[in-house]
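Heads up, the next two complexes both have subunit A, just with different partners, subunit B and then subunit C.
== the complex of A and B ==
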């Protein structure tokens, strides 16, 4: 996990959650953020009803929660939910 | 002094070294002074009353101790027979299996099914963030959807209560 974290640009913190919603490891700004883990899990559960395509050929790989200066990137791998908090600075000017 | 000798003895033993006649529970000073000041006729009933008080105090302590003690040997023991033990073990294990099965089904229902399991974790986490124009598009669309949802109203057209089968 440490090598993976080093590769992520603008990383501020990480969370690893097992499928029961328990935090396995936490680093950086997300250290001991049980509440954030709970929120992420409930967001995933709330949005699990939707389907990208009717035949299910395409599926979501990543959920991004974007704020003004940072964002949470959530993905599922090996039955574990990985949450990365990354700095966010939009390159393109925001259109009105 | 007559009958008061007993109180004199008491006084001596209290003042001097403790011996076999020394009382373990000292009488309270109020009752003691009463004994010393009373005459030979009054001292007899007061010492009897004191003794009775002491007896009741002792029996109260005994009662309290008995209440605080749990007599384990008096509790009936239920011996579990060998076949009964095996029966119970099978019953419990079958009950556990059924509970675990339903729990795993429940867990599957609550499991986040939105995301698909990806092997290349680092690539997904390190990928470029969503483009600003896409984000703006999503925000506009969700704003429009929310505005449309707010405009949904129920129009009242017919009576709320309708009578059936009444001519």
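== the complex of A and C ==
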């Protein structure tokens, strides 16, 4: 998985965090970014409490945090949290 | 003031794919909710928006948080002291 996220187009940096919140590996712009890891883990803990939906059953498979020119994409696999920071260049809509 | 907010909430609910909408202040006090957006989630939504902003303290515009699941997506954005969450049907594969 760690090798796969390195190959994502426009990747700027990656973080792999274990279930205790400790950074296992970090690359690129996210190298040694303990602060980003802490924020991501806080967001995951908040969203996993099951109170965001009325039935409380919703299990999220992906979380994105989209800024103007880049985005963080967070997903879970094998009890690890994978964070990818990648460039974001939205296409202008085609006007007919 | 409340009428204007109610109108915005109702207009948002009528947009295609929207199943719920919620507005909260930055402390998590629910200002209004429609559809399947539970009013008790306002605190968590404000927390998520605050943590997302802390990811990049130098960013000019506030970020959009998107939570994706098989049953739907939640989009969250904080602007001018108001945090809005929009609940939508799942996007395509």
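Some notes on this structure:
Note that the second predicted complex is superposed on the first by the 76 of 96 C-alpha atoms of A that agree within 3 Å, B and C clash if a C-alpha of one lies under 4 Å from a C-alpha of the other, contacts with A are read in each partner's own complex, and residues count from 1 in each chain.
Convention: a contact is a pair of C-beta atoms (placed from the backbone, for glycine too) under 8 Å apart; a residue touches a chain by one contact, two chains touch by 3 or more.
Model, not experiment: these values are computed from the prediction.
When both complexes are overlaid on chain A, the residue A:36 reaches subunit C alone and has no touch with subunit B. With both complexes placed on chain A, subunit A has more residues touched by B than by the other of subunit B and subunit C.
Of the two partner chains, subunit B and subunit C are each touched by A:47.
In the superposition on chain A, contact of A:77 is made with subunit B only, not with subunit C.
Judged by the touch definition given at the top, the superposed model places A:60 against both subunit B and subunit C. By the touch criterion stated above, A:12 is placed in contact with neither subunit B nor subunit C.
Once chain A of one complex is fitted onto chain A of the other, the partner contacts of A:68 are limited to subunit C, with no touch recorded for subunit B. Residues 47, 59-64, 66 of subunit A lie in contact with subunit B in one complex and with subunit C in the other. Here subunit B touches subunit A in the complex through residues 107, 110-119, 121-122, 124-127, 129-133, 135-136, going by the rule given at the top. For subunit A in complex with subunit B, the residues that touch the partner chain are 3-4, 7-9, 19-20, 41, 44-45, 47-48, 50, 59-64, 66, 71, 73-79, 81-82, 84, 86, 88, 90-95.
Note for the complex: subunit C touches subunit A at residues 36-38, 40-41, 44-45, 47-48, 51-52, 54-56, 59-61, 63-72, 74, 87. Subunit A contributes residues 35-36, 39-40, 42-43, 46-47, 49, 51-54, 57-68, 72 to its touches with subunit C in the complex.
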